[in-house]
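Note that chain A is present in both complexes that follow, paired respectively with chain B and with chain C.
Right, the complex of A and B next:
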């Protein structure tokens, strides 16, 4: 049986046939990443994922993390794995080699990330957050902060976290109460309690670096008075050596539905008055800095959810091909057949396939947008691609994780009773996946981001650019008569999305703002549907143009692309149109119902 | 805070305002169940559920069951609880008092069942399966079998199970391999292995009675050669006393995603050649007997899933009223408000509310159909109501558990990060709920049942009767002008469902049978949507007629009924129409895609 994390053929399709990432290597910045190197990178990532990460995934779930008097024990096997991961220099694939990175295009690293997260995403949260903390230091740190922290983070010598949430400040970060008091030497004494800190405490690395949101005494209320600080677990001396314990105490870990391998910590900072941090960036500009990290984190969360989905899909297809149960409907006396022959199983597999493929293309495309920005000199192109990232981020986080959870759920259903048994992998995939719909901004927050911030960005130009980009694919697909009915459905959906967006934008600016936001999530959903259709049409157009000259072994793959496109455009998009009708009608029940009416 | 299992006001509404169950007491059979008694029964059930069952639910999840050398230890608290449950004579609420039952209408016992399952459904599986085993003895047992087993089962002195599944015989029961060899004394020696046996082994009762499907040597292949046997854990002597151990050995229990409190056992029967059973019913007619039990079990599973949903909804509403987070959108400077003021939270709560209410009405209505059958002398009415039960069973199992899982999923989202933490109740509710979509026939099987068996039953008369029944409510609702837009949407959906059903029936009988069954689940889904709309319109019509004279304290409840109706008919039904368009188009991608195309 093939390894079960991701479909390599499809990954190669996206990298080389859809995005043509080799073109990027024509630019000096990515010259090392020719086709051969790209393929090698993906193969190496797959090897590490399959051989080393996957075997630790179940242990992470079953053994999990334990807490004892401030100490957190994470799964034993993670420590060795983290060493291997760092030896391979995977933690900062895209970053500057000066600081320990590999300078890899993001489109390419997306493939590695898919393999790693598909194999053990709870483990991957440790390096993932470490990278995010490093990024904050790189973007906002002083030279001294960079020299003290950055390479140690990007090489995984130390790990990093992200300290935002407090018991009364979750979605509303502005409500946080952790304080920072300036000391004579320019440092700050930090005091407060943080919760839901992934990887907040463990013994896997020598030090843990916590970027912390806190409020300097006298700062304005809300998000405008929040500053960002760099707070290490052990103080760092000027020569880079470790100093005293910095009074960051873990007071407990959460018992969660999934991602048991990752320690979700409650931390008390400065309980003994001995927690010291340095300002990262400017005073009261902490939220702006945090958003740099958060936007990346949101894309990573989309990748996490998606990786559960792609793995669940692979397992489900393989199980459906092997599990014998019941006769083929058209041959009732023919004896048991593999369940992939049963229409309802096929239906679920094809739903899963079309979402997984479309989501893969979307996430890699967003990586690719970063690559374009990194190499272009043209400000207009830079702006346009930055706009794509901005407007697609809530889709990549909110819509993708919603659908990924559904894909995992289908996988359980394909497994039947065995899907509910933890001996098989799909139950854990669904449990692990569930948090991706919540953290880094719930999917409701993502929907608000799309409607409230992204839709109107640059007076709507960002959204218009996206529509134009989709229209380009529609135009190309029209060269293929065989695609005509699918193209027509995508075009109709895109046009109607335009109308719907216009309606939503107007409504959100009117006194019906509550009604508009009652449909923010449905609007995210239909936007996501159209984005999926775009990606599948793009893929289908390539497949259609390759079919006539394709090698025999490639035929099922290309034909499969056309089936995903057909399934989605003929079975999902017509329902999407109905959802748009509902949005445009903007029924008031959700806003109008009195709170007393919810329970009698 | 109100107890959080179910909304008593809404339960009373269904029992007394929608179904008028008191009318049933005019018949001798149910004369004991006047309004006062009914209310007392519901209150007693609620008390037991809240005070005794709910406190054991978390323990069942955390401690779970353990297996050691053939012995299964279930949560300690369950034993006492089972005693209390049996003292209250709750196990056989609807059955004949002669055998230990209470002779209660099923509409009424639905309310008790909702409370019990909402409080601890993994526990309730023990008495639930015991009741099912008893039912088989009652329907198919000889006088001797009845006297030996029935009262002991219905009073919970002994427990019962249901032994169908084997490793290679899940959905395809006909593939089972357990054998029965007739002995000289008329008993049968049983030999085989069964898996996924809920409550298959424990020490909570003196004996466990296993109805077992097995194949008598020389019997035909498939389901036609299956017979049903009664196989006790300890043999039962002619005087009712317990004899020797009957060689039914538990070889392990499953580690599952949820329902940890219920032991899911693998059992080996006759490993030492010493397992003896008696035939229950006729030789080779085991499947027919099993279906009697299975149909009831399916309705019970619908109740289990629904109970998770109603409990999850109650928790979510209460949490949303208490959790302060972020300002009201229309008062950005106003400080934190309860999250129930945020449109996306309200949206989710109103989705949950409308499904929970409609599902409650549906399940109680099916109970009520049984009551009508039990008391009517009119064969046509009996047939009609039996038809309602038949055609609504796949909806009550398949559609209801699909939607219940969604409701639980929304509850987690409303809780945000806390929803993922097992300290709060909603994660467990979703985990527990997940299996209801699988066992007693996966929801894919339910969809096949609706399309393949129920739709064409009695030449389509059963489906027509259902449409006529829904039309009656539409007609009544037309008396209320305020309901006009909602009524119109229900009528349009019903008419289109009729067309869709006609199309599906024809397609299933044509050579496009595979295509038809590729849309069996979507067809179940749209049928379920229309059934929900029917129930909500029925409720709304009652609410509309009561509003003008209602007491002030009842106003929010009745207004809430109208909001559920408005939400569902204006936001869900338009999408349902799109789904019906898709079904009618019957796109072939699912059937046409080659197996090789699923993974590249």
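Right, the complex of A and C next:
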């Protein structure tokens, strides 16, 4: 039987040959995660994903969630699955064992996360958001809040959400209208309406904990006056037992294009004046706290999109090997052949392969950056790796989900007419994948984040550090003559990216700021392309060094690495250079056109 | 209750495209992914459940090379407390009797109330359990799909032809070969994996077990595989080809055409 979801050999390559995660186990913090442990984690995550999660994915799509008089019914199979997931303690893989976590390196948990999300990411949103809510409690909660909520969240006894969006406060969170009024006992009465709340209501867990953004009466307007509150569905008594219903009422769920298994709820808080929350962190510092969760959530969304891509790629390759249609062009009388022999199908598969491999390396690398920060005592190294995370987050969310959707699209094309039929899996993957380009900050906002915040961060040092890191790989690859043309293309693209970044930085600070931001998304695209090229060159350099002594079974894999590198650097990067020319020209049509001219 | 469960590392049929090697005498093993034999996994789960009820220890044992360590570790992460690897060049090429001989040595080094094997292995003859029992002169039941604990004895259900089940009483110590479906094996969680991360699994050689090297391995094997092939298509047989979906569609057509649906 063919592999599902992900290419295990490629996962092992990234973990053990590219990132050498076993080295992390030399540090006391990760000492349990030696090679054997890491391999078993990946195997058992795959086992659970393939045997239990994947079979519920289609049911989740077809049955979906239903709403009736305030009650939300999620797919029945998800409840058993959530039990199995929690039994295995997969929810808080990286967190402190004291609070129910498992202390695993993030690079390693990335592999488990890829399998789980690839199997059923609409289901994984329930534990994913639960983890995010727990992280907020861990970072900003009082001791009392931690003891009341944290372990129950990290073990999946309760689930969590994230309540930001309101009807008039979407991308502009500062416009929110939910209010918090301080009570005599130090708690706050919360009143307002929230929409698009993933997992906002269900009966899968005995309580749901909502971190809620609201404005304390009299607080400043905009984001500076927003505070964060912890609002449970059922109040929690001092001894940890559940109290009265907390007046958090679901008023409806959305009917969406994809991720049908996850309930997207509208919630009214305090409709009867009986919703009580506790302050999480400091007053008016809610956005700062929420960014902790949002940064994690953005990386998670990148993983969600990527998981659709890797799953779609695996389906497409397997299908192309089995589906017999038409003769080989060079043997017209030879009868039908598997469609993987047809050049245009191969072209699409190689595009998919290149992106999937490079995106996997990028996401795992960001996990690895967290691991380095966790074990190093050196402040400069910590800063550098934190900088990598900061500048690569918009790429990991914005660029990766854009490309993942593209990969899903190619998968449908490889399937031909069957790809358009819901009986086959790739249509659902494309539908599920689409939202990843929108939520947790649209990809346009990710582009603005890259240009407006990250590019100039620490006076440009973060961007420069990234350039230096990429140059290191270029230098190593120069030791391999066979890679010379590919290395040269990556180097040319990196140098031109530096020039483009300089131009964008200057333009953004000039009176042409609108023009600069009109090119924010193209700038995210070219940055992402260069990051992909970096990852593929890194992989190719390893493959080139191992090729001569490779075992028979590894030869096609390493050769495949070199083909991904060749394809990307010779077919994609030249287009990237052209895109950079366009950015540097900064044509003003987008800004100059009047609103009246869009429709005559 | 002290329980020894004999397990085997086999190619994972869910992960591999099984193809013949170029010599045509075995499957191509270069690129295989291995895992614990499915029947053995049920046996380990049953042993864990018994120990959870009445206390005791589950030990998992295998005959294999250094790589077989991974399945012992996996079953220990699942809940078995101890592991034991029987590793010796002398064991290489053993037939079922050779494997049973090595396992007998391991049984005699401990004191076990119950010895479980899987009913069969993905690439085996389903014979080790019975041979082991005979060598140890212990009572034996095959294809066990239910176990009820009694005082010094067990009541066991056996799967028999036609989907029927028979119930037997068997005294302990005994050897049981466990059928799939007896339970629902648990998944391995991270806590279990972390627990076994630093565990050293003891290794015993033929000498340690008191086993004569000449009685095991290729030299001692009385049954030898001489060929391995996909049977030729017989008269009236039709091999369905294409993608899984296409094969299913064709099968449904055939069933409909022949009154099967």
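One rule holds for everything that comes next: the second predicted complex is superposed on the first by the 600 of 600 C-alpha atoms of A that agree within 3 Å, B and C clash if a C-alpha of one lies under 4 Å from a C-alpha of the other, contacts with A are read in each partner's own complex, and residues count from 1 in each chain.
The working rule: a residue touches a chain if its C-beta (ideal position, glycine included) is under 8 Å from a C-beta of that chain, and two chains touch if they have at least 3 such contacts.
Everything quoted here is computed from the prediction, not taken from an experiment.
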Which superposed partner A:413 touches (first chain B, second chain C, both, neither): first
First (chain B), second (chain C), both or neither touched by A:324: both
Contacts of A:47 with chain B and chain C, given as first, second, both or neither: second
Partner touching more residues of chain A, whether chain B or chain C: B
Partner chain in contact with A:90 - chain B first, chain C second, else both or neither: second
First, second, both or neither for A:34, with chain B first and chain C second: second
Which superposed partner A:551 touches (first chain B, second chain C, both, neither): second
Contacts of A:98 with chain B and chain C, given as first, second, both or neither: neither
Residues of chain A at both interfaces, chain B in one complex, chain C in the other: 2, 8, 324, 423
Sites on chain B touched by chain A in the complex: 2, 7-10, 13, 165, 168, 170-172, 175, 196, 254-258, 314, 317-318, 321, 324-327, 329-330, 336, 340, 342-350, 353, 405, 409, 412-413, 416-417, 419-423, 427, 430-431, 434-435, 437-439, 442-444, 447-448, 513-515, 517-521, 556-557, 559-560, 563, 566-567, 570-571, 574-579, 581-582, 585, 587, 589-600
For the chain C and chain A complex, residues of the former touching the latter: 13-17, 30-31, 33, 35, 69-70, 73-74, 77, 186-191, 193-194, 196-198, 242-246
In the complex with chain C, residue positions of chain A that touch it: 1-3, 8, 31-34, 36-37, 39-41, 43-44, 47-48, 50, 52, 84, 87-90, 93, 102-104, 319, 322-324, 418, 423-424, 551-553
